[in-house]
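Chains here go by letter, A, B, C and D, matching the order in which they are written, and residues are numbered from 1 within each.
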Amino acid sequence: MIAVLKRGTTPEQTEHLIAWLKNMKLDVHISSGQEVTVLGLVGDTSRVDIELLSSLEIIESVKRVSEPYKQANRKFHPNDTVIQAGNVKIGGGHFAMIAGPCSVESEEQIVGVAKDVKNFGADILRGGAFKPRTSPYAFQGLKEEGLRLLLEAKKATGLPIITEIMNIRALDLFEDVDIIQVGARNMQNFDMLQELGKTNKPILLKRGLANTLQELLMSAEYIMSEGNENIILCERGIRTYETYTRNTLDLSAVPVLHEITHLPVVVDPSHATGKSALVPSMAAAAAACGADGIMVEVHNNPACALCDGAQSITPAQFLELNRTVRAVREAIQ
Amino acid sequence: MIAVLKRGTTPEQTEHLIAWLKNMKLDVHISSGQEVTVLGLVGDTSRVDIELLSSLEIIESVKRVSEPYKQANRKFHPNDTVIQAGNVKIGGGHFAMIAGPCSVESEEQIVGVAKDVKNFGADILRGGAFKPRTSPYAFQGLKEEGLRLLLEAKKATGLPIITEIMNIRALDLFEDVDIIQVGARNMQNFDMLQELGKTNKPILLKRGLANTLQELLMSAEYIMSEGNENIILCERGIRTYETYTRNTLDLSAVPVLHEITHLPVVVDPSHATGKSALVPSMAAAAAACGADGIMVEVHNNPACALCDGAQSITPAQFLELNRTVRAVREAIQ
Amino acid sequence: MIAVLKRGTTPEQTEHLIAWLKNMKLDVHISSGQEVTVLGLVGDTSRVDIELLSSLEIIESVKRVSEPYKQANRKFHPNDTVIQAGNVKIGGGHFAMIAGPCSVESEEQIVGVAKDVKNFGADILRGGAFKPRTSPYAFQGLKEEGLRLLLEAKKATGLPIITEIMNIRALDLFEDVDIIQVGARNMQNFDMLQELGKTNKPILLKRGLANTLQELLMSAEYIMSEGNENIILCERGIRTYETYTRNTLDLSAVPVLHEITHLPVVVDPSHATGKSALVPSMAAAAAACGADGIMVEVHNNPACALCDGAQSITPAQFLELNRTVRAVREAIQ
Amino acid sequence: MIAVLKRGTTPEQTEHLIAWLKNMKLDVHISSGQEVTVLGLVGDTSRVDIELLSSLEIIESVKRVSEPYKQANRKFHPNDTVIQAGNVKIGGGHFAMIAGPCSVESEEQIVGVAKDVKNFGADILRGGAFKPRTSPYAFQGLKEEGLRLLLEAKKATGLPIITEIMNIRALDLFEDVDIIQVGARNMQNFDMLQELGKTNKPILLKRGLANTLQELLMSAEYIMSEGNENIILCERGIRTYETYTRNTLDLSAVPVLHEITHLPVVVDPSHATGKSALVPSMAAAAAACGADGIMVEVHNNPACALCDGAQSITPAQFLELNRTVRAVREAIQ
């Protein structure tokens, strides 16, 4: 961390500041140039309140030189992390196509869709049992029964499954789930992240609606700092002023994350756009910029889906989407 | 809910749609004009997926005529809700000044600040025991010990206290807390909201970083639908592209919320701006547009605060802020 | 346009409203259902102030049924527009690779880069002569001399050229320019748009920093309503809260625009990301979701570029980018 | 400007960089600490491309120590600027209430409103003659005739007038206008700003829809660098994801601008909110946080206004608004 002192700072003021900083167990190195005096702060700067330091009268500006995330940082872990879910690998060149309905609705539905997406190229089955809904009056998912049905679909197809957790008290129910999803609204539910850090389950961590990529990595860090390094990041659209799409899919997140972290990055074009007609194009675009996986909603009868039907594609559309995505991946090799 | 059909829709298609809607237990009223055919949907439309309906081929557009929130809706509850916290009232003309440090740090600190802010005009004491921090390596609050010290400060001054809950499993610890705060990051932690709805504690619900006012009311609705109607809404700044302030304080939220809901509205200028120099001006502005309360961070030694010191004002500044806020309230009567 | 009346509206109020609407030369069709009364407004509703209408006491809500853009609307012009610039076509299946430096700096530089990008696959040469810069103290481009040098490069390579206009009074200087660019900051400089509408030059219209896709089309409509239908739309990133990239490239704009308008859509990943390392990935993604062209900044010595060097790639990187983009286009056929 | 070098930078690389920087006519001061090497760059750093410098391989980070605006900077001009428009002063403790219709529609209308707002407390008359409208098909203002009528209203009441310019070629028509308004859409129409800088007219410069406060000051700098220092800044709402209000009024802009610039700051709550019911509250809030003036739309018959009627208040409402605003100003003294 670098702190630049204002011109006119007296030696007494400087000493006072240095004493305060050393009190926080930091080493302080002074660089006095003709024009500026710069303090280099070394040690565990992650506890320093950068805004407070900036607000001191004698401080011109403060700048972090190192990123606040450690375990997620590619600088310290140059090799790609590869996540194993069942017999499927994600990251480090391994690509996973994740597909399935927004909500589990019935055994017939989930097993049917599971067989379809497996036949048409999916590697992993998705399906919601606990559904976060803006309204308390909307369908909230089949909950435990939904989880049970999802496991039936896993048994019937052999596909690993991913589903969302909404309350850490339900963790026991997720024992046979292959990847636990943390939804956008819970990206900064820090207590839940820490509890998930104590498991060794793969976690798919969705970027919050208005969170920066650095905040996403800090949330990954919450999980990793408790010991669980099996994290998949997921870009699912951010909130902007544009209303034509539900959210704005920020695909530059893919190459950016690949640059700054070793964790795999999956893209969810269904929730991002909210419109099934846009899903195939955006899935192809995600593959083109290097995503390690794509997660799409597929429903055998979108017009009857209990939630988010507007963004679901049919199995036939999924077949075509999968073909294009695989071809695009070939093209960028 | 109103659904406008596309021109050229056949009678068969229309009938098919109506059957589908009736299947969702909705009454459907047809208005066929020369130019447009409009379906009026009556019944519990809160379960209708508006995006799905919009995506159907024969639908031109869909519009909700009624708001999706019921219990928070001023239409159905025209009178202002007044919240009672200890001997303090908020809402319906009652104004509360809430002040205290970001974090509880020690008994001396919290009791000292509590006495100061009481003498200088505060009605309620705030102080964080469980602190949501972006980084797992930052100070996370004194937790249970912090709560204990806060209760000491309550005993010493008689001020009701407000403090944040981060995990519903800690609810028992909040028995003697007068107002439980739900932070911005947990505004859509729906499981926690529902649990809080089963208590009868006053809840201060902060608007999420990028949530609309309607979403804020839907989260209030989650609490109210479980039986707890003691809710105070809090505007604390939203995330925008502007970086000079930490967030952008959306003060128009105050008159808007007063128009559409009967719940009281409090403003937190400290977290919104992130800079102590801006807090007094924005507190005065909040009072001028009708806020039912203002919550500010006050610390006896901001430069040593363990978190968010940059946005804390001193007790002396609080004295002046309180004077101005009360004068502004007089002016707008 | 559909206006829904509030329940309890009296027949007198309704008649008064209808008279007012007819006064605006609209036909009004009444659809009275059991639950709602809906007015269908037919005629030139583009002059109706939708916000004013919504604000009337007896109005529940108002909804435009038809888009406010006409000439840019695919509904009325189902076939793709193909733009001809020199011997190059854009749109309707024709793809154009546009490359060149941010600013024209010298004859050697612009002719050198032009030859390189031509050899490496570019169809059109870009280069800035008039440069919009946030600061009045920053390099503002070589202006007329820059235009002259750009024409030299055109002569030397045969590539059609595109360059930005900043002031309509300079229009005469653009006679031999093949495509005139309207920058993001001038997207709603309506007077300039109307003047450009009186020419028959192809216009590349960049989306403003915080403009919706509908506003982009309304600006195209300003040009088209004056007679010039040669418009290329350009997505170049929008402003969001994320600061890692300069702007957030909204690639879903590509399939959305293809759905609602017949005009070709070009993507500029250089300005969107502001970082050369991200340009190749985002160019590939743009191609994958169907862009009709890609515009990238290429400089023979990015570290010496007078402006925007950080986002420029080298000719060698461009060669590789072009190869990938063409392969991706093959893959999505 | 401060540039921090990466660890491991060789002496040769450092010398090469320093030579390059000196070539840009900068003095370079080296501060070599144990942990970091920092270069202090002195001279005209406004021409340095901070993004380019940051992108160099050996650079860890770059930070501007001084603001890029000079003439608008309070550091160099500590005293408040006071603008004189007719016999009215704005800034430095002088407050101006600006009121009038969105558009000039007829002599009767503008003279009538002018008399009303004068009687009810306005200091300056506003009225649009040239109207920027998103749609080319919407009412664009009475243009020259509108200007003529506005001058009639000035003559009839003695109120100074403010109106918007949309095209610099129309500048001659503004000779008797007291304050020329630059609209949000033209905030970065740099050619127009420079031309206005060659006049000595007071300019009211509106913040763009998605522009930062620093960009607003850089646009002021464009005008000032040509010699015209008579600038009033105007906050009129920024674009965010919230749709309940047309824009989000960023009132913290008022104290922030007062801190960093000496120019007066006016707030326009009418355009910001888009809803007349919110205008009085937000006007009071603007006064409470120290605005030097408030600009509101007043129409004698809002329901018939040709544009923006939804946000106009009546003269009677203006009378009450003015009373409250003046009382709030008293309260904050």
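Convention: a contact is a pair of C-beta atoms (placed from the backbone, for glycine too) under 8 Å apart; a residue touches a chain by one contact, two chains touch by 3 or more.
From a predicted model like this one, the values you see are computed outputs, not experimental measurements.
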item: Pair of chains joined by more contacts [C-beta pairs], B-D or B-C; value: B-D
item: Duplicate of the A-D contact set - from C-D, B-C or A-C, the pair where over half of the pairs recur; value: B-C
item: Longest centre-to-centre distance from chain D, chain (CA-based); value: A
item: Between chain B and chain D, centroid-to-centroid distance (C-alpha), Å; value: 31
item: Whole-Å gap separating chain A and chain B, where each centre is the average of the chain's CA atoms; value: 26
item: For chain B paired with chain C, centre-to-centre distance based on mean C-alpha positions, whole Å; value: 39
item: Multi-partner residues of chain A (at least 2 other chains); value: 210, 239-241, 243
item: Residues of chain A defined as touching chain D within the complex; value: 2, 4, 27, 29-38, 40, 42, 60-61, 63, 65, 210, 239-241, 243
item: In the complex, chain B residues that touch chain A; value: 20, 44, 46-47, 49, 51-52, 54-56, 68, 132-139, 166-167, 169, 185-186, 188-191, 194, 208-211, 215, 218, 221-222, 225, 239, 246, 274-276, 302-303, 305-311
item: Touching residues on chain C, where the partner in the complex is chain A; value: 210, 212-214, 238, 240-245, 248-252, 254-256, 259, 272-273, 277-278, 281-282, 284-290, 324, 327-328, 330-332
